[in-house]
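Worksheet for the structure shown next.
Going by the order they are written in, the chains are A, B, C and D; count residues from 1 in each one.
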Amino acid sequence: MILPKYSEFCGRVKTLSGASALEAIPGELKKMNSKKALIITDKGVESAGLIKIVKEAISKKGSKLTVGAIYDETPPDSDYKVVNSVASIYRNKNCDSIIAVGGGSVLDTAKGVNILVSLGGDNVLAYSGAGAVKQRLKPLVAVPTTAGTGSEMTLVAVIADHDRHIKMTFVSYFLLPDIAVLDPRMTKTLPASITAFTGMDAMTHAIEAYFCLGKNPMSDTTAFKAIQLVSKNILNAVKNPGDMESRLAMANAAALAGIAFSNSMVGLVHNLGHATGAVCHVPHGVCMSIYLPYGMEYNLHKVGDLIGELLYPLAGPEIFAKTPKKQRPRATIDYVRGLNEELKKATGGRHATALKDILDREGKQMVPRDAIPVIAKNAMGDGAKTYNPEEQSFDDNIMVIEAAWEGKPLDLKKIKKGPKNQKF
Amino acid sequence: MQEIIGTSNKVLEVDLTTKKFTISDVDLKDLSLYMGGKGLGLKMLYDRMPAGVDPLGEENMIAFMMGVLMGTGAPCSGRFAAVTKSPLTGIMASASCGGPFGMALKTSGWDGVIVKGKSPKPVMLVVDSKGVEFRDAGKYWGMDTHKVQEHLDKIGSAVVIGPAGENLVSYANICSGHRFLGRGGMGAVMGSKNLKAIVAKGKEYKIVPKNQKKFARTRKTCMDYINNNKVSGNQYRNLGTNSHVMLSNKAGILPVRNFTTGSHGEAHKVSAEVMLTKFNAKKSTCKPCAILCGHKATFGGVDRIVPEFETTGLFGPNLEIFDPVIISKWNETCSLMGVDTISAAGTIAWAMEATEKGLFKSNLKFGCPDHIDQTLLDIGHAKGIGKELGMGSRWLSRKYGGEDFAMHVKGLELAAYDPRGAFGQGLAFAVANRGACHLSAAFFALEAYLGMYAPYTTWGKASYTAFAEECFDAVNSLHICQFTAFPVFLQPPLIRVLPTISLKISLSAMAPIAVQVMDLSIWSKFWSSITGIKMNMWQMLKAGRRIHVLERYMNTREGISRKDDTLPGRLLHEGRKSDPKGRTVPIDKMVPKYYKVRGYDKNGIPKDRTLKKLGIVKK
Amino acid sequence: MQKKAFYSFFNQSKYLAGARALEHIPIELHSYDAVRPLVIATKDVTASGLKKIFVKAFYDSDVTIGGFYDNVGGTAAISTIKELRILFHDRGCDSIIALGHGPAMDTAKGLNMLVSLGVDDIFTLEGEDTISTPLKPFFTVPTAGSCGYDMSNMAVIEHHRFKSDFLFPDVVCLDPRMTGINDIGRAVESAMVALTHAMEASDSTMHNPMNDAYSLAAIQFIHENLPRALKCPRNREAALALAYANALAAVAFSNAPAGAAHILGEALNKLTGNDPGVCMAILLPHATEFMVGKDILMRDELLLAQAGMDAHASTPEKDRIKESENQLKKLMASAIKYVPANLKSLRIPPYLIEQAAREAEASGSHGLTFKDYMTILNNAGKAPAVR
Amino acid sequence: MNIDKYPELKPGKKYIKRYYVAIMLWIVGRAIQAACRLDKEVIKEFSELPEKFTFSLGVLPDGPFMIIGKDDKGRAKYMGWNKGRTRFPLEMNIKSLEAAIKVFTFQEGTATAFARERFIVDGDLGYALAVVRVLNIIEVYLLPKIITKLAVKRYPRWSEFSPLRKWVNRILIYIRAFTF
């Protein structure tokens, strides 16, 4: 196992996982002497009827926990005004803990609220920046409803200020949720296509975590496990959504991947993915699943061996043993491509494998060719590139995105190669 | 009356399970290799008893062995030894006692008796020249040590156990007259066999040395030495062992408040002078004796034995109690119950501190004499809190915590000398075979009292410890009183004329040589004059070494190794309050040296070479 | 993996591992608003010159070491803890750093309970989950001697056990300058404790993916680096990896029930005073063997961690369990110089062995019977002296 | 227990290392200022930063620091090493002096240092990346290839970075950096 010269790791989240994980929330909150919880969520989750399940679960007999209030107007990208207003709700209903049910934005909002209600004040922006929060906050329970983002394991909260058109980042270990609840019931209702790309999202987190600069022993093992779980279960989860076991497996995988990538940062795939999402409002996971093979190809010369190792969790020992060492990196990439193709089949073509055939609801192309330079530019300003093993300049971005747009493999000769065999 | 020339070389072997006894003859070779007494006892158990038996199981054996000198009228020879596997420490234990039983057994024609097996119901053995008679002891069961002896007096002299032994208190002792086979819980071994007493009729044989002339000569010199020596002839004779109180207090090695500090302003209240004048004590000793260190006195209307120093020190200052009357009272209770005072006091001290720290629940408090007498009775009868206290401080500290201040080594509680004021004694405690034994090398005397060693250095301590252990193992196999060591060491002309300082230097600087010039021939002369087998002091010392290593070897078979040769945490980590420098015992410096001298490997196991050289295992 | 079964997993600690990790402590303290730590160290720390390095690491920071208590003895003693409370308050400290091995960590944990919860007698908190409020920031800097207990959520003070998620160290700082091995025997023993904890956590029927990540990482570290450390104790990288393994094993141990080898090892240690590491190392192969025999599942991921991907992949599925047993035996064999092969060589009397089995059964946390424990012990006793 | 036996230990100082880092920061700062008048890439990067943008790069907890700001002509300006209590839109801090030494002795490149979490970035990450890119260019100018290779992920090719431009600018930057 590679032990880097220096590395940090922290997975400071209590994980409750299982078919009846929700029922364990009251007991855990009781340990932190909390009696009244505020539930934060968004319309989508509400309409999917998940909140009903949560409420039943936590108000089952014997539980001392009561629900102070439910806020379900969280916007798709969290806004500081919302945070402040929710905080006042929390105070009025004098709750003493927060349960966030939903995806990234819900959790970010919840984190913001938690800062305010724990540290006082009426504008959350006062605490923005790295390490501004220096105390333990109120109990925060995260119930992810998409098995993918792994945001329940991250210590960052991004809250937008729409007046000034900027996103404020909040970074502190105290922003980690106290508890992450992985319950298959929360992801059961996800449509196939979403299941597919959120799954690939998790896969991407894990794979990138495995070969990007910030890797460390624990991120390796967590990533390894995550990849194993995804590649074992994703197809099954897409084909028969009712299968609780693979649902739970996916949820676990997402959480593990979350731990992995929040400790060892991620690289090119996320970099371009974020940019594409920002420019063309393509769902995060979709970009991930498309860029993933290119990310690996781009760094092949630096971290080929690591990528080769990934064949093991992806394809399983038998294939791994059959493939000679030299061909493993290639095989890994092909395997991922293959997986994408299969998902495409399984979702009736809704799971795109090239930028050009991403379609929105009206069925028109979301990423026009002329958007590529804009994306490339935008990508230059995204943090993830720092942790990519190989340097990426503007031109490199263009090159990669074009390939991804076309959906044909990267021409390895075109890559400007730095020194081989990355040291960690 | 028939005569035995030298020794009878006959040992009784009793099996309580089958209620049968056999007579085995001692091989003369063994006798000359192991000298008799403790040494021979160990050897016989080594031949008969497998390793790893349960001390309280029926495979365990207990051997009462009479020395060669016993019955010949040699000065201070009225002592006998007992050897067994101790329930307190789980390793070999040996003890020495000056009670009348020894003489009686010897004069019934036996050099020793070995008991094994387990009787279904209480039993006692009556021994005469013909052999052993098994008698029901039901009516004596539960009696205290003195009452039962009163009953048995008309038969003969006995070794008996009190209630403590019957209730398997792991530091119960065996009583003979007013004297005890004190340490290592031999009483419990007898109790586990349902053996209440062994009575020997005696007065059937007369013991005569083989070479009477030599014997008489040796005897005379020995007597002169004893009478002229200031320790044996004056200090012990007039003051008894309690004379240690003030000496220790001065040297700062008097344990106070469970070994937290080394001296106390009120110590004089329990000093020998005060006690003896207060009690107007008379002498009461083992017979025959020339030192006369034991005293008894009449107070509170009854005859009581004046407590020995260990008892005084550990029940007195170590519990912060300075009332001699009360201490003697507890001493009495212990003797009646048949409990080892050192271990009892040590355990109670632990209980007091543990209670203070909230680790253990009890009504015992430092400096508060209430409850203690009751506690001792409870221990004896294994009632209430006494049930657990009866398991000794090691067991307690393993259950309740507080191992740092559980003052024991290998499970045997420390005697009343604080090794932080006498590093050599620290080493002696750590490596002594039976646990924290103050007699194995009795280093404290040279360091703290006679000033022959600088107490706070480690120079020459290893070699002297080894030498003293050998020499005292020999002494306990002869078997003669260990106090004769003072005269024998210090009275020979050469030593007497030398100024102490020169002794000090030579001992510290070149201990290996210095110890060789000491004249110990008195002892070897006694032995050879009685048995008629040749033995000079070197051979005697070698025999001592053989005995010591054999015992160590038997212990290592029970799992003893380097890890056990250490001292309680308190002595290694925190200094005495009375010592501004806060010095602690540098045990890890001394033990390896000692191993080298002894011929053990790094892990404290005797090397094969050593065992072969000493003839313990076949070449 | 039976993912149906509910599981909960938690690990509080953040790990700083590698070059100049010590210099990161001040900034970490800052994120807790702490500026005056009280440092608690074992005796050997000063002797081996580690104190100097440690103190130097705080230069050019704004952190003042409130006090450097370097006199922790062989066990965590309640008296020491009570005295340390005085020191803590007297210097107005706001956090605790434990430097060294077991006793220092336990002492620090005890002190933390005392000063954070304002109780007077910590023994009232004995047991599991008796704490419900966070404690003061508690960092640990393990040295080579520290084993698979120290960074767990458990504290053992005077044989009283305290178990609570709040007892996890907040930060574990693994610096090669601190974890350098100077007593290889000691290092092996602690590695063995870690290995036992990790193996039994990953084998135990309650394993879960989260815990696997930790236990398997620990196992892999030990299998890769123990031989290296044995070959060259000076090898700092191997030493650091072993220390890391210890930390991870502690987490796995905290989140899984104690296994047979662990329970027996502790019982023997208590009865005979032999090092728990040695006892566990001797018992582990036989315990696992027994478990396999009882087909309490032992998974083939194990081999993956032990021997790496290629070996695991090239071994046919059915032989993997056997193979990983061999791997374990091989490891033990490499450490034979410091860890004897069978119980016989510890020369423990039979009646004590029985007692150990009895106590193990009484502890009851693994659901094995006296007979089971005896079989394990007897196998361990009979094993050939050379592997 | 005698608590005086365990006195409190005030943190000492590592003067040499401090001065070394201070000097390096000074040079880099001056160099950026110079480069921002010569190298088109640097100029471009800066032109994309907002008006009146200032950032600080330094060592926690109390310096040394390097403060660079945009003057009204939109060019970089070295604004000294003393940060005081003022806060800037972008603060890039190295966690400890030892870490700073590792960075400024080029044992750890900027990217590696980021990966090893030696940096704390407070502010918009996008700007931070711009700064990092500038720093990389500066390193290319200031240092011989062998050393720079250690510090950057990929040493720029001829195509991106013609030797002529490199040498001319290198000399000019050195001159400007050390003259006033």
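Throughout what follows, contacts are C-beta pairs under 8 Å (C-beta built on N, C-alpha and C of every residue); 3 or more make two chains touch, one makes a residue touch a chain.
Note that the structure is a prediction, hence the values are computed from the model and not measured.
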Can you tell me the least number of steps between subunit A and subunit B, where a step is a move to a chain it touches?
2
Just to be sure I understand: the centre of a chain is the mean of its C-alpha atoms, right? Then which chain's centre is nearest the mean of all of them?
C
Chain located farthest away, centre of subunit B as origin (C-alpha)
D
Report the inter-centroid distance (CA atoms only) between subunit A and subunit C in whole Å.
33
Between subunit B and subunit D, what distance separates the C-alpha centroids? Give it in angstrom.
78
Determine the centre-to-centre distance between subunit B and subunit C, using the mean Cα coordinates as centres, and give it in whole Å.
43
Give the residues of subunit A touching no fewer than two other chains, as numbers and ranges.
4-8, 131
Note the residues in subunit C that touch 2 or more other chains, in rising order.
18-20, 24, 30
Residue list for subunit D, restricted to those that touch at least two other chains:
116, 120
Could you classify the connectivity of these chains, where an edge means two chains touch, as line, ring, star, complete or other?
other
For this structure, give each pair of chains that are touching.
A-C, A-D, B-C, C-D
Subunit D contacts subunit A in the complex at 111-112, 114-118, 120-126, 128-130, 132, 149, 152-155, 157, 160
Sites on subunit C touched by subunit D in the complex:
18-20, 23-24, 26-27, 30, 36, 55-70, 83-84, 86-87, 90-91
In the complex with subunit A, residue positions of subunit C that touch it
3-21, 24, 30-33, 129, 132-134, 165, 208-210, 212-214, 216-217, 220-221, 224, 237, 240-241, 244, 248, 309-310, 312-314
Which bits of subunit A are touching subunit C when the two form their complex?
1, 3-21, 24, 28, 31-33, 131, 134-136, 172-173, 216-218, 220-222, 224-225, 229, 244-245, 248-249, 252, 255-256, 259, 309, 312, 317-318, 320-321
Flag every residue of subunit A that touches subunit D in the complex, lowest number first.
4-8, 129-131, 166, 169, 212-214, 265, 380-383, 385-387, 389-391, 393, 416-419
